[in-house]
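The next part holds the structures, each set out as structure tokens.
Next come two complexes, and both contain subunit A; in the first it sits with subunit B, in the second with subunit C.
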Partner chain A sequence: MNSLKDLFHPRGIAVVGASKDPTKIGHIILKNIVEYGYKGGIYPVNPTVSEVMGLKSYPAVSTISDKVDVVVVSVPNVKVLDVIDDAGKAGVKHAVVIASGFKEVGNIELENELVRRARRYGMRVLGPNIFGYVYTPERLNATFGPRDVIPGNVAFITQSGALGIALMGSTILEGIGISAIVSVGNKSDIDDADLLEFFDEDPNTSVVLIYMEGVSDGKRFVNVASKISMRKPVVVIKSGRTEAGARAAASHTGSLAGNVLLYETAFKQGGVLSAKSVEEAFDFVKTLSWNPLPHGERVVVITNGGGAGVQASDTLADDGIHLEKPPQDFVEEVKKIVPPFASLANPVDLTGMAPEDWYYRSVKLAVQNPEIDAVLILYCHTALTSPVGVAKAVSKAIEEAGVSKPVSVAIIGGMEAYEAIRYLTSIRIPAYPTPERAAHALAAQLKYRRYREYLMKKEHLINKSS
Partner chain B sequence: MNSLKDLFHPRGIAVVGASKDPTKIGHIILKNIVEYGYKGGIYPVNPTVSEVMGLKSYPAVSTISDKVDVVVVSVPNVKVLDVIDDAGKAGVKHAVVIASGFKEVGNIELENELVRRARRYGMRVLGPNIFGYVYTPERLNATFGPRDVIPGNVAFITQSGALGIALMGSTILEGIGISAIVSVGNKSDIDDADLLEFFDEDPNTSVVLIYMEGVSDGKRFVNVASKISMRKPVVVIKSGRTEAGARAAASHTGSLAGNVLLYETAFKQGGVLSAKSVEEAFDFVKTLSWNPLPHGERVVVITNGGGAGVQASDTLADDGIHLEKPPQDFVEEVKKIVPPFASLANPVDLTGMAPEDWYYRSVKLAVQNPEIDAVLILYCHTALTSPVGVAKAVSKAIEEAGVSKPVSVAIIGGMEAYEAIRYLTSIRIPAYPTPERAAHALAAQLKYRRYREYLMKKEHLINKSS
Partner chain C sequence: MRSPLLQGVIKLVEPRQILERARSEGRLKLLEHESLKLCELYGLPVAKYGLATSEEEAVTLANDIGFPVVLKVVSPDISHKSDVGGVILGIKSSEEVRRAYNAIVSNVFTRAPGSRISGVLVQKMAQQDLEVIVGGIRDKVFGPVVMFGLGGIFVEVLKDVSFRVAPLTEADVDDMIREIKGYRVLEGYRGSPPRDLESLKKIILGLATMISDLSEIEAVDLNPVILYPQGKGALIVDARIILGG
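The block that comes next holds the complex of A and B.
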């Protein structure tokens, strides 16, 4: 079977079912491909019209004389096999089958035939029952989801359609930069493991997020996951974690979500970070994709509110991260900044009177100190300072420190706090509205570091013994 | 000791330390009292000026001839006792001591003397080391926090200052309506139990939210909490849940956060809902304050995305809520709306093609069905519908159903989803950005219902046996 290289770097894409009707999925996909700026050949295929969106329309894929590597199939299920035959004969390498009405509604035979037919031509199938895929390095958005995906280094694989499209929108709102979004739907051929192998090699991807209801080949998934996890973190939202959830998943995709414990074990073996909720997963992705890898687990918490510091300490403790006394030279320097009654254990409490400058100086000292591995910054909006002002002081400190170190910021308050968070995330500093979320997201990075070290040690032992 | 009635319904308030300098806390508090619209007497006390903000300034509380029930004390700690003597002699009933520099910095003797001195005059003390208090039914905002608190039915008690002020701002951003906000600081005299007794009787309060690092009299807290919990839910964020958090709390307030397990047990006995994070607590408060009490635990989930339904099922299962098959008459009616392949087990999947009208009709049917106790509505923003359109369809269905029933809504997507959430919360329909948060917040209501029934049964048994 061919690799997925041509799926993500196609020389040309045909859209079968491209339509002039703006409510049709075939129209929306073509429009997204054109408007998002894909530079390869774009070929609408629709025998009933001569052009769509100013592009020449072809009666069949086989009538296109240029090189087509991908065919997007947006026609009713009963017509899909004919398209596969036509495209297969034309030498197309990947079929992206949008159409639904296959295994998810009990049409197992049609789905099996789809794969058999594609294999005959050496063609790989993405889908069916999907909303398409995105690869931002090629400015390729072949979905009927939102158009203006933010380019970045996160690859997102989703088994869910409606939720997946909605989360595409969430990445834009949350400022999360995307390398790829892949709707895998029924996973008749291309599955999570295939995609992980591609993203492992992909220089444009540094974090992978998966929404998964189940995998058919658990062993292969663990093998591939443990390989990529030595280089890039993988976050999985495993839907159907509970018996009730698994039942709901079964009625929805027809796929058995499988034994809960089995997945938990598999994820641990694969070095995969498990997220219970969509919010948690997105929170993790921000620290994982914007921060460098931490060298150790020595976290220092800087706050202007004792309460926020306590909440963060609780969350870190839940996550197995223990706060130790900050390095003495750091404490001595901070003492020169804050009033004498400030508590300089960890959390370091700048006190409620802390102006922007105290944040600037203490954050810079913490980022520069070689005995500190990661910095958690908490700010409660009081009457004395402006959240955006503090956010700018923090970003200036991080920039001027001249050292790249994991950080996570909580800005707690009203509308101005919300704006400060948006400012920080726009410059790729992970920022959250509560101390617990900021702490938990930073802890995910430390957890990934542990997983990674374990996997590398294991591989080293295997290599030595072989 | 006098009750807290006069603290919340004062005939007049004096602000000692009222200042013309807009950076001074005494200035900000006076400004908030004036501008938020308090209708009782407002008396700046400052011997060095003749007026502040156009109000006559008095040299001492005792020189005010009108009735003053509350004195807000915003002077340095060393001057506080003199103010207490002066106000006590003048017959003031409550001292709200903003000043810090007491027990929290080791100044235990000064704090004890403050309480002794106040008791001599029958005066109660709120604080010291606080940011003030709010009571919206009297349009009273005597804090140096944000001014435009939204009137509503939630009372918020906070032991933390900076975090408390920041969360005041969050209530405005999140659209949470407030009856009272009380900063309790060092709790030298007035504590959580005193306030719970007041809010139990207060017709303007229907939910109480407490941020607590510790209580000194656990037994009394449990007694009072179990009494109010039969009528009104109490949500507690117990900071310092872990050993590490408790240590952080101790270094911050000087109060021992105490044994983690003890608190957990106490909360259960008191029928208190425990929230691990600020976000969770706010999420709970929305369903608890905007929804009626559920009659039972029969939840129906309505969704347009299978994945969102699975995530919600998982969360509900974690919370001990088991989804049963929806009532047959409801299923028969929904069948007439949706395509034949839609799964109508619970979750009820309207499918990704569901337009606004399907939401309108199915939500109305669910709210009207007497065999359904609560409705969880999930919407993934796809290309086909507008989030605000769906939000309006949902609110219309709820309004027209003619039955008041607990609901919770998730709108998942980008900026438009965010706007739809803001629309729903503005009309007091609990709405969240993820399926898990919407499900968990609804589950909190069902949990409260269980606690309440248990407490009532217990009381009934005690009454019978006595």
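The block that comes next holds the complex of A and C.
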């Protein structure tokens, strides 16, 4: 059994430092836990009051008679060790240490002592210096971030606090469904690799997104990442890509082995998709979590404008995906729809006069065709059609096709285009405002497919030789 | 052919002896013959060599190895041997060996006075061909990491190299060889033949094993490795091994 199971499926959760003051972090965390709908036992711990938010308040964790698996520690750093002792003796399995003032400010000894103390009781530590964690399958939001996280299948691990909370809000805005959000902070004990091992086994998670400043055990990260990546894609935003990497080195190899380069290597080896920006990462997460895994790399691009088609083809080519002629039977069928001057090489140009119905018919044909692995749909807003109308035609085609296939949509235009994108993302069809972003997000899925095959081939070689 | 070391009959005694000796003498860089010996122990192909501590010994070694040979000073105090006249190339006869041996000793004596001389390395002069670099470092985050690139301008100016975190499978090595931008050079182009990639793979894998086995090693440069056309193998000409402080 995974050692983090009780962290994500706790029978009861105590919040030490749960205050009546609504501006205090301890209060906000308790409020989020209650209001997001956690069904297990909720125990505020605060010796100075008898109740918080209508819940009985306890003077110490050890005075709670019910089972408590997680203690959220929201007290000043100097009081944390006492809480650990108290909770440890009470048999609590996980300490979620919100408090800051540890390694991040040079207080290394206090952090080491925190971990030593917790280990003595067999307790694992998340944090310190974090905003908490979320696990939507248990309706658990133990953070001081936004409350109404959308349930879904993406697990988000973040080393950054402020950016992490902000991105938590962005997932709501972007319509990205979340299984878990874990603020890892100083990673004194629980780190990315531990969490990847849990999410690998977690049936509620199918994609993992990490915002990473760095790891302490790179070898273990590569090892664990390459295991989960055979089943679930992992996307990483690694901060500090431009950091001066070269070290003063006595060897040639050492002088070339910059930090950034080694992380890139490690990601590649672990099958991890590296995203340069938050925007790119979210774009990837949408195709990866909403689309099925592609069976091959035969992409067909359907567009109503040549320019958008070229932008998309160039982006795909940069990503190593080269468009081939579409299957003949598909072309024959599309010919019956479009005017004779339409170009039916790849991209398939329905022409600027294409009404919603042409999108509906051609997208449906493409999704149904067994010789096509993925469909990229581009629409430039014209006077003849409405973006929302085209979006609906596209979604209807996908729904009625009877087969599930990776798709990515670009709706290019103004405010109405934006509404059409919102509509598509609300029904989990990845949609973007530019042809490049739609193409690049689809390419990420194909890249993941390559990584996965490579990892499986490697595992096969290792199994064969052992 | 895989060396016995790579086949899992791990005999770390001899490699450790080399490292311990260096350490006991306070050296953080192995002497060239020690580095080459370590490579040999890991089944890596090195240009034939021997360490001479006298003119007579140099002549005998040169005749055993076969001409042409190169002579290089071996000293814990000299890192840029050529700069002090410590390297003489293209030696074709016993007589030239004697002259070179004495020239090196006297060059070092005048241009790097006070330097200790451990001996003079007599090494088979490898036939010139495509040069590549294979390296390894122990990174504090990722542990043993290996590097591969084409020699000369490719590595010096373009930094066209690829890395992998050990342990490696053959699939990883295949991938890292193909990853460099200059890969076409290895495939053969404009009448230049395709290269012996099997030999290259064995060197990379062997180095990964070496640096994983021996935690004392901080960095390794095998530079250059001469990579011959397919079926003709590869030869390590120069090996630099640095130990952790």
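What we mean here is this: the second predicted complex is superposed on the first by the 449 of 466 C-alpha atoms of A that agree within 3 Å, B and C clash if a C-alpha of one lies under 4 Å from a C-alpha of the other, contacts with A are read in each partner's own complex, and residues count from 1 in each chain.
To be clear about the criterion, a residue touches a chain if its C-beta (ideal position, glycine included) is under 8 Å from a C-beta of that chain, and two chains touch if they have at least 3 such contacts.
Model, not experiment: these values are computed from the prediction.
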Next on the checklist: Just checking: does A:Ser226 make contact with subunit B only, subunit C only, both, or neither of them? Give me first, second, both or neither.
Outcome noted: neither
Checklist entry - For A:Val310, is the partner it touches subunit B (first), subunit C (second), both, or none of the two (neither)? => result first
Checklist entry - Touching A:Leu461, do we find subunit B (first), subunit C (second), both, or neither? => result second
Next on the checklist: Just to be sure I read the superposition right, which of the two partners does A:Ser362 touch: subunit B = first, subunit C = second, or both, or neither?
Outcome noted: neither
Checklist entry - So, does A:Gly218 touch the first partner subunit B, the second partner subunit C, both, or neither? => result second
Next on the checklist: One more residue to check, A:Thr385. First (subunit B), second (subunit C), both or neither?
Outcome noted: neither
Checklist entry - Can A:Thr265 be said to touch subunit B (first), subunit C (second), both, or neither? => result second
Checklist entry - For subunit A, which residues belong to both interfaces, subunit B and subunit C? => result 249, 251-253, 257
Next on the checklist: Can you tell me which positions in subunit C touch subunit A when the two form their complex?
Outcome noted: 28-29, 133, 135-137, 139, 141-143, 145, 147, 149, 155, 159, 161-165, 169-172, 175, 218-221, 223, 240, 242
Checklist outcome for this item: In the complex, subunit A touches subunit C at residues 214-219, 222, 249-254, 256-257, 259, 261-262, 265-266, 269, 454, 457-458, 461-462
Item to check | Residues on subunit B engaged by subunit A in the complex (per definition of touch) | outcome: 25, 28, 105, 144-146, 158-170, 172-173, 211, 213, 237, 239-245, 247-249, 251-253, 257, 276-279, 304-311, 313-318, 322-323, 341, 343, 345, 347, 349, 352, 380-383, 412-418, 433-437
